[in-house]
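Two complexes, one shared chain (chain A), two partners (chain B, chain C).
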Partner chain A sequence: MEVFLKPKVKPLIPVEAEVLTPDRFAGMKLSEIEGLPVYVGNRVEKLSDYFELEGSISEKPADQQITILGDASRIKYIGYGMTAGRILVEGGAGMHLGSHMSGGEIVVKGNASDWAGAEMSGGLISILGNTGDLLGSAYRGSREGMTGGCIIVKGNAGIESGIFMRRGTIVVEGEIGSFAGAHMNGGAIFIFGKASRGVGAEMRGNGSMIVCFKGVDSLLPTFIYNTIYKPNFMRIYLKFLFNTLKIDKAGEYFETPFKRYVGDAAVGGDGEIFIAET
Partner chain B sequence: MEVFSDVVCPFCGCLCDDLEITVENNKIIKTKNSCAISLSKFMHHEDNRLNYPTVDGRRTDLVEAINESAKILASAKRPLIYGLSSTECEAINRSIELAELIGGVIDSTASVCHGPTIITEQSIGLIKSTLGEIKNRADLIIFWGSNPTESHLRHLTRYSMFPTGLFTPEGRKNRFIVAVDVRKTKLSRIVDLFLEIEPNKDFELISALRAIVRGVKIEAEQVSGIPINILKELAERMKKARFGVVFYGLGLTQSEMGDMNVNAAVGLVSDLNHHTKFVILPMRGHFNVAGANTVSSWLSGYPFAIDYSRGYSRYNPGEFTAVDLLERKEADAALIIASDPVAHFPASAVEHLTKIPLITIDQKVNMTTLLSRIVIPAATVGIEADGTAYRMDGIPIRLKKIIEPSEGILPDSEILKMMIDKIRVLKGGY
Partner chain C sequence: MADLIIKNGYVYDPLNGVDGEKYEIHISKGKIVDEVDRRDAKIIDASNMVVMPGGVDLHSHIAGSKINIGRAMRPEDHRKDVMPRTSLTRAGVGYSCPSTFFTGYRYAQMGYTTVFEPAMPPLSARHVHEELNDIPIIDKGAFTLMGNNYFVLKYVKSKDLNMLKGFMAWLLKATRGYAVKIVNPGGVENWKWGKNVGGLDDLVYNFEVTPREIITSLAKVNEELGLPHTIHLHCNNLGVPGNWETTIESIKSVESIKPSEGRTRVVHVVHCQFNALDGENWVKLKSGACKIAKYVNEHNHVTIDLGQVIFTDTTTMTGDGPWQFRLHNLTGNKWVNSDVEMEAGAGVVPYTFRKENPANAIQWAIGLELALMVHDPWKISMTTDHPNGGPFLYYPKVISWLMSRKARTDTMLELNRSCIKKTGLAGIYREYDFNEIAIITRAAPSMLLGLKNKGHLGVGADGDVSIFNVNPTDWKPSMYRDVENAFSRAAFTIKKGEIVTKNGEIAANPLGKTFWVDAKVSEKIESDVLEDLRSEFKRIYTVSLNNYPVQDAYLPLSESVEIQTGRCLS
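Moving on, here comes the complex of A and B:
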């Protein structure tokens, strides 16, 4: 079942709306949902102050789709902590999109802001535009970022994407900002555009892997070159990206050899950076 | 004529506490032991002063200025409080109380200087020592992206280069001094080893040093413009030092990706402690910026970039830092305490600051007071008011009051207390 939210105004002060999840909506009446609290600066306001609501509500979160018909780039925490269901944002999304989510799916047709998918543990986030900084990262002070799930960005991603990543997958089809995958301790990042400076900085290992298809701006001196080869697992990964996640670009690299670097030696890490040799 | 001894200098993070100030008829006429900055600040502390409160450019009395400020802050939805680093701890304490009361965001100037230091300190800690320990013990001193000859003039003579100490009886001779910077400076001419590195390449250099300290062979011939054999020698020297120290400054924190730089530097120092004693200290600029972070941490749990809009403290640099908040045009009122953001913030942040009701508490006329709707003059902490400040190494020191402020001019903490009391009344005694 699908509920539609039509933005009424472009808020001057961003609205914190962690209530925008299928988990919260499920089993409620539309009028109850309209009255759910959102936080705007130091005031508590109602969801209906910012959105017109229409549609039907399901009993279970998994059957619920929330569609935001327009721009939500000043709405923070969309899909925060969601466990199931689907959210579709027709425009952009504000900070902390899908942070701490553990299941379900979010699709954003526009751009997403900083901390999208931060510390998420499951589910899928697809962003058709660009994202801000700290995609799938850890919040400051935390040593564990993303611990599961998948994020796909069709455009570019900002700096410090995937820092402190522990598990899960990030795919960026465009370019990625500096220090992607810093402190990574598990998980995989695929970068189809150019990777910037500091990729994999202080990466610890634990099976963590960063794959750069269009080279790296300047690889850290503490990543030690190892070999060039066509790893079997890479082909399996690429097929998964191509067939399941529908990343067309992955199809171009089935037969590509990769240079393998191990690091970050600065911290005694044994993570891997693969750079496509095209 | 009265001579005050052991006066603490309230102008930089060194907080030199050995000044001698001579006062005659409530005027400072002489200073002893001051550096050039301190001398000029003490002797000219009366220049450019704000002498009376103003509202919309109109002269008014303190009560009206407080009432008007209280009205703005009590009704604001997303008020910002910013500054704090150049005032004493009691005023910082009150600022945080005020932020909680009005459900605002509070941030200190640390967010535009040593923010990365604080982020690192919180996530992995910082191996520090006091400046006294360094003076007495350190035999290897590394200045990384910091230049005390410009910013902390007495640092070299009091703590780090020249003084004799318990285990450094011959002063300068007992210390090997290294400077790392992107250009030659006055400091680079007097050190034993100077590494002129490529701009924005600190992280790479620190990483390479860390790897070498771990015994890893680096394949590159040079890193960040420095030949690898020089790095190897430096790494050896670091491991063999009896007591090493890294003093780092804005060159490290404010170059590209400062948080990663500081993180790496702290990591290097932590690795070196497998071999010897090594510590790392930020060269904090404003005299009480360390106090702003300390007081804020013990009151709210967080050092800077704190949001009280939901009634409890939340911390997120990048979201609740003043510049970011203003650039996103979020704040709808601002209170500036002892700082000049209009002169120092990026234009995009200043632009929003000029569009919202701006209240400034300061001693002197500055760019921010010129653009403020309400201006409240304050007494100069450490000269006209006492209070506590934290030195760059985290030692609290009591500042002295040596002269009386002009009539009607109160210290920051008292102005803030009046504002809080008034806002409580407006909010119905909450």
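Moving on, here comes the complex of A and C:
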């Protein structure tokens, strides 16, 4: 079942709307949902002050789809902590999209802002436009960022994406900013565009892997070159990306050899960076 | 403020020998009295509930520079427990490093009314008192760090105990401290040179004294001064496998010291769990609790507190700088080291106690073993060494473990098997009753601290009462979750005759007082010490002597315990 939210105004101050999740909506009446609190500056306002609501509500979060018909780039915390269901944003989305989520799916047709998928532990986020900084990262001070799930970005991603990543997958089809996967301790990042400097800085290992298909601006000297080869697991990964996650670009690299670097030696890590040799 | 009558409750007041009797408690003007006028009194019906004195915690790092470093370095910790503002209370955050207001509210919700901060570096005394003033509801105090102080080492070296006595009395007054805290004696001084001490007979650089001399001198002078609390000792080699020997040696070293009038104890060993490790290294780690417990059972000059481990993500913070560096190397976690000129040091490192970690599982068992193997509960105080073993919010959980073997077994089954193999906890059938819980959380700590009006419900005591919604007559150890819930949210907490929490919600927000000790020494000693201080401060300190002592303005509400040498007056 689907509920439609039509933005009424473009707020001047960002609106913190962590109520925008299928978990919160499920089992409520439309009128109750309209009254849910959102935080604007130091005031508490109602969801209906910013959106017109219509549609139907399901009993279980898993059957619920929330569609935002328009731009929500000033709406923060969409899908915060969701466990099931689906959110579709027709325009852009604000900061902290899908942070702490553990299941379900979010699709954003426009651009997403910073902290998308921060500390998420499951589920899928697809961003068809660009995204801001700190994609799938840890919040300040924390040692564990993304611990599961998958983020796909069709456009570019900002700096410090996937820092302190522990598990899960990030796929960026465009370029990525500097220090992608810094402090990474597990998980995989695929970068189909050009990667900027500082990739994998202080990466610890635990099976963590960064794959760069279009080269790196400058690789840190603490990553040690191993060999050039065609790993079998890479083909399995790429087929997974191609067949399951529908990333067409992955199809170009089935037979490509990769240079393997291990590091970061500065912290005694054994993470891997693969750079496609084209 | 209206008078209060608490009726129909099962009263546990171990200091007055009351064990679960039903009788009325009358409170008037903040004190417990024989009888109040029934017509104007507010009556609390405590039917089927447990009535105890307000809780007393003698070791909990709640204020000062260390906890503030923890707050600054752990923004991720603030997210775990958040309390929005209400019309009565302030907003607060924090879990292992809670903000000041939050600390007061959470303690009051658990029925605690008196808490002591156990490590105040003298130079940070103002900071400690500023934070203590911002902790609402509870009464509090702070222990002054002395084990690595320049003057202490100097006087110990010259074996001039009179000067040491004068200095201790002056320092307690200057910092408005309540007791003498010793942290890794000699080790923190050596840490200034990147080293530590490995045992009681290692030498401290430049002073050529040993930790043994520091402990015995301070204990001797502490007893001669007649301070209300004994020395509060954090032993050497904390957290080093096999350290139980050092711990027992430290306790033994003060065995022959004559305690001050009216007591048999001369040393309190803090967070004993961290000092009761046996085995050559972390892999071969096993419990040394039975050895410590055997010694404590046989001797009356020592008391301990637990430092119980809780399986959670916490922040360790201690004045023991070298140990924190070792912990940082063990875990790879972020680390802050802090050095206080001439006086002390500190370190802060986040740490997660994990159920699957064999060493952590053994540590968890050691804390409980200590509590269960020491026969006399009056020698035990319950602490988690907040936040080192775990946040104080988990005290109810510790109570449930102590009161129910089933609770222990249920937890043990989730732990690494080393807990069963390398400790004796599985073979212990003892279960605490409500009276013993009242002893280790209330009566014993207040007795150890020499607080005459706390920890009991006799006439003249402060009107600090906590009431818990659990019926002791039909409670069975298998119902441990009930007791955990009851102790997490006290039905009523009464502070100085005022109801401060009701069903776990804050109902009033008064400011508690700060305890400190005003020890008097002879004028001759006082002037000698001041003369020495003046010249040394000019030579080596970054602050002048006149700016050093804490002014009275920092303690808006305080109670000083006045002491004439060798005799307690108040």
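Here is the rule we use: the second predicted complex is superposed on the first by the 278 of 278 C-alpha atoms of A that agree within 3 Å, B and C clash if a C-alpha of one lies under 4 Å from a C-alpha of the other, contacts with A are read in each partner's own complex, and residues count from 1 in each chain.
By definition in this document, contacts are C-beta pairs under 8 Å (C-beta built on N, C-alpha and C of every residue); 3 or more make two chains touch, one makes a residue touch a chain.
Predicted model only: the values in this text are computed from it and were never measured.
**Student:** In the superposed arrangement, does A:Gly27 touch chain B (first), chain C (second), both or neither?
**Tutor:** A:Gly27 contacts neither chain B nor chain C.
**Student:** With both structures superposed, pick whichever of chain B and chain C touches the larger number of chain A residues.
**Tutor:** Larger number of chain A residues touched: B.
**Student:** Using the touch definition from the top, say if A:Gly251 reaches chain B (first), chain C (second), both or neither.
**Tutor:** A:Gly251 contacts neither chain B nor chain C.
**Student:** Should A:Arg143 be classified as contacting the first partner (chain B), the second (chain C), both, or neither?
**Tutor:** Once the two structures are laid over each other on A, A:Arg143 reaches both partners.
**Student:** State whether A:Leu220 touches chain B only (first), chain C only (second), both chains, or neither.
**Tutor:** Touch partner of A:Leu220: chain B, not chain C.
**Student:** Which holds for A:Gly207: it touches chain B only (first), chain C only (second), both, or neither?
**Tutor:** A:Gly207 contacts neither chain B nor chain C.
**Student:** Please write out, lowest number first, the residues of chain A touched by both chain B and chain C across the two complexes.
**Tutor:** 139-143
**Student:** Over in the complex, which chain A residues touch chain B? Could you list them?
**Tutor:** Residues 12-14, 16, 39-43, 95, 114-115, 133-134, 139-143, 159-160, 178-179, 182, 197-198, 201-202, 218, 220-222, 224-225, 264-268.
**Student:** What does chain B use to touch chain A in their complex?
**Tutor:** So the residues of chain B in touch with chain A come to 76-79, 102-104, 119, 122-123, 203-204, 206-208, 210-211, 214, 216, 218-220, 223, 256-257, 260, 263-264, 267, 308-310, 315-319, 328-330, 332.
**Student:** Which residues of chain A touch chain C in the complex?
**Tutor:** Touch list, chain A to chain C: 138-143.
**Student:** Report the residues of chain C in contact with chain A in the complex, numbered from low to high.
**Tutor:** Residue positions touching the partner: 73-77, 79, 333, 350.
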